[in-house]
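Listed next: structures, encoded as structure tokens.
Okay, so chain A shows up in both of these, paired with chain B first and chain C after.
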Partner chain A sequence: MKKLLGLALGVLTAIGGFLDIGDLVTNAVVGSRFGLTLGWVVIVGVVGICLFAQMSGRVAAVSGRATFEIIRERLGPRAGIANLAASFLINLMTLTAEVGGVALALQLASSIEPWLWMPVAAFAVWLVVWRVKFSIMENVTGLLGLTLIVFAVSLFLLKPDWMQLATQFLQPATVPADAAPQASSTYWYYAIALFGAAMTPYEVFFFSSGAVEEKWSIKDLGQSRLNVLIGFPLGGILSLAIAGCAAVVLLPRQIDVTALSQVVLPVAEAGGKLALAFVLVGIVAATFGAALETTLSSGYTLAQFFGWSWGKFRKPAQAARFHIAMIVCLLIGLGVLATGVDPVAVTEFSVVFSAIALPLTYLPILLVANDPQYMGRYVNGRVTNAFGMLYLVIILVASLAAIPLMIITGAGA
Partner chain B sequence: MMRRTKQQRMPTRRRLIDASLSLLDRQVLDIDDVPVQVVTDIELSEVALDHPIPVGSPAPTVTALLSGPVLATRIFGGRPPTHRLHRIDWAHVAEIGIALSLSVRGSSLDVTWVERWLSGHVVGRIPGGHDDPE
Partner chain C sequence: MDIPRARRATSLAVAVLACGLLAGCVTTAGGALGDLTRSSRSAASDLQSISLALALFSDDRSTKAVTGTAIEDSLADLVTLQQSVATLTVDDARERTARSRTLSLLDDALEAGISVKEAVNEVGGAPSVITAHHRAEGAADRLWAWSTRLEKLW
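Entry: the complex of A and B
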């Protein structure tokens, strides 16, 4: 019984923790512009993150080594530090977007200016990182994030033309033949953005370091695999529901998503104030949870690369550099937000850059997951490796195509 | 000090190890499994430079694990002045696995001075710094 409860809790946390500001914004943007024609990317992304998270979790549980220790070991100092620089900067960008997202969601709830909420949000993130136990932190934000199910409920309440949605979903790439050549590159640019939103590198840093934080051993592997394989796809369905809501309400009226208020507009239309209240709680929980994860990830990447003592399971004074690094990163993120940049714009860039940087983390994990010195008999099986190679190709193509597409489309304008 | 030395012989285990593969860039843990540093370089016993090595002379041995500003010099070349290097004597190394384990406490080593300073002067002074997370 206790085991079953633990499993349920794990799955629910995985669903609630799946979505962050990147998924919320990108799915709404894509839904409002392309309907569900990019829905297939969400599925590709979800299978990818299941594979990737499961692999890095297994490596961490078996060898006790988290992602960036492995990157340092495998790539050596030169390639390793280039990797650290890229991963760290993108993580910092995501951190900025998430803290901004918390502020925007609180603004919607309170109509107090977001720049007043930003320091409050950043301070709250620090307080949790400083004082709250890892498991409590993960479970609370994950469970509150479940209120985002209201997107799926709203989609039903909107009584959409299901046939039309299904046609969009099943006939991808329906760019009209007479459309400008620009249209097709914009389609693919958003495909990469959506892929990056589903497979954000920080999720992997966090997942593997979390396995060390919670002292997973080999016998916890089954549970972690179930959490991922059930929780993430259900989270992916919520992503599709967000895109679906935007496709039903925003696409016909040609409303462009440029702010969080447009993301929640369909929910307000479908379910009124009550639904709006739920979605705001969900967005605050999801972005706050992701702000915690990215803040911790910034500490994890630096500490693991340089071999410092790290982890929330230690007293802060016993992981001093780790905690200082996180405080500095939060302050930098706050500084960037103070310049008045639009957090939604930061989010849109961060998901594309995530896709660009993905091979840097993916390849070392794939290599180590096949190394018997680390993994013993828990090396990748044939099926995992077949998927692993397939995704290596997908990830490389997405990464290489992202920058040219960004230039051609003027960042999806 | 050489940058990359292949196949040092470990006298204790009689196991052949590729130093650049199994020592460099590995995590070092202390006796309580607390991370100490990453092996940024290793120090070898003196080999006379620019002289032919006589046949039958003993092979150089690893004398210490190094850290300090060595990461930059490994990337860009050159070598930092010796007084700026932090050494962990090879005698303290207890085990070589996917991480290196030491037989001493990390807090007793010079290399962790930044951690100790920050812990004492900054992190330890913030309320809750010495408490377990709840």
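Entry: the complex of A and C
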């Protein structure tokens, strides 16, 4: 019974922890502009993140070491530094967006200006990272994040034309013939943004390092697979529900989403103040949880690359550089937000730059997961490798197309 | 095998040049008139957002904090649009006329948005919620109609 509860808890926190500010904003932006015609990208992204997350979880469970430690050892410092630089910078950008996201969500609950919430959010993140046990931190934010199921409930309450939504979903890439010449480029720009949001690199670092924090071994591989293969796809359904709500309420009114406040309006229309309360709790939990994960991921990537002592399972004094690195990253994120930059704009850029950096993050994971020296008989099977190669091609195409599309479309304007 | 430093520098220079060329070659579609069209549409979208937030608030389906934030976000966007249109470089009389018409509609949009904010906050002398709602919807409709006309001029 205890084991069953543990399994359920793992899956539930994986669902609740799947969404972050990138998913919330990008899915709503896409839904308000293209309906569900980009729903296929969410599916491609979710399959991709499942593939690489379970791979890095397996690496950690089998070797007892996090992915980054092995990448440096396996590829050498030169290739490792490219991987580190890309992953770390994207992670820092995502951390900034998440702290900003917490502040925006708290503004929605309180009317207090977000810049007043930003230092509070950053301090709270540091405090939790410093004091709270890893499992408590993960479970509380993950379970509270489950309240975002209200997006799926709202979609039903809105009584949409399901046939129309299904048609949009099943007939992707249909840009009207009379649309402006830029429309097709904009469609593909947002396809890449959505893909980047689903496959954000920090999720993999956190998953792999979290496995070490929780001392996973080979006997935990089943639990790890369940968390990923059930939790993440259900989280993906929530992403589609966000886009669906925007498609039903905002698209007909020709409202383009540019702020987090617009993301919650369809929920208010569907379920009134009660639904609004649930969605606000969910957004705060999702962004705060992701802020914790990105803060930890900043520390993990640096510490694992440079060989510092790391982990929340150690006392802060025993992993001083790991904790200082996280504090510095939080301060940098806070400094960026203090310039007055719009956190939603940071979010939009972070998901596109995530897509650009994806090959540098995911290729090393595939290499390590195929190395019998570390993995023994748990190396990737043929099917996993076939999917891995397919995804590397997709990732590479998305990465190469991202900057030209960003320029052509004026960042999706 | 090490890649020679000169080759790395050349590759980097080519990449930077390619990005520069792309950035230089690809201007925003429609030139100044295109920019005015997009600004008008964004402003109409902001007003629609304000209208929806107000409608939900009047129906007691939304809180004052969410409504106020949604209105403030849209007003901030309208101010940014107004500033970008005011500083937009125009080349001829037709573009100049289009810019001044757009600016005038943006002024109306901003005033309509502010009247909604005052109605929600029940500021003394503020219009009723219904009046403010109609005003915002009217301003949005005018911006949509104008953006459609502008698009035909590209």
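Simple rule for what comes next: the second predicted complex is superposed on the first by the 413 of 413 C-alpha atoms of A that agree within 3 Å, B and C clash if a C-alpha of one lies under 4 Å from a C-alpha of the other, contacts with A are read in each partner's own complex, and residues count from 1 in each chain.
Going forward, a contact is a pair of C-beta atoms (placed from the backbone, for glycine too) under 8 Å apart; a residue touches a chain by one contact, two chains touch by 3 or more.
Everything numeric here is computed off the predicted structure, so don't read it as measured data.
Chemist: Based on the superposed arrangement around chain A, label chain B with chain C as either clash or fit.
Modeler: After superposition on chain A, chain B vs chain C: fit, no clash.
Chemist: Touching A:Phe387 in the superposition: chain B (first), chain C (second), both, neither?
Modeler: neither
Chemist: Applying the document's definition of touch, where does A:Gly80 land relative to chain B and chain C: first, second, both, or neither?
Modeler: Once the two structures are laid over each other on A, A:Gly80 reaches chain B alone.
Chemist: Roughly what angle, nearest 10 degrees, sits at the C-alpha centre of chain A between those of chain B and chain C?
Modeler: For this superposition the angle at chain A equals 130 degrees.
Chemist: Examine A:Asp256 and indicate which partner it touches, taking first as chain B and second as chain C; both and neither are also allowed.
Modeler: Once the two structures are laid over each other on A, A:Asp256 reaches chain C alone.
Chemist: Could you say whether A:Lys133 touches chain B, chain C, both of them, or neither, answering first, second, both or neither?
Modeler: First partner only, chain B.
Chemist: Let me test your reading of the model: by the given contact rule, A:Phe306 touches which partner, first (chain B), second (chain C), both or neither?
Modeler: first
Chemist: Using only CA atoms and the superposition described at the top, report the least gap between chain B and chain C in Å.
Modeler: 10
Chemist: Within the complex, which stretch of chain A touches chain C?
Modeler: Touching chain C: residues 107-111, 180-182, 249-250, 253-256, 258-259, 261-262, 264-265, 268-269, 272-273, 276, 280, 403-404, 407-408, 410, 413 of chain A.
Chemist: Using the touch rule from the top, collect the residues of chain B that touch chain A in their complex.
Modeler: Listed in rising order, the residues of chain B that touch chain A are 24-28, 34-38, 40, 67, 71, 74-75, 98-99, 106, 114-116, 118-119, 122-124, 126, 128-134.
Chemist: Tell me, which parts of chain C touch chain A in their complex?
Modeler: 19, 22-23, 26, 28-29, 38, 41-42, 44-45, 48-49, 51-53, 56, 60-66, 68-70, 73-74, 77, 144
Chemist: For the complex, give me every residue of chain A touching chain B.
Modeler: Per the touch definition, chain A meets chain B at residues 63-65, 69, 72-73, 76-78, 80-81, 130-134, 136, 303, 305-310, 312-313, 315-318, 320-321, 323-324, 373-374.
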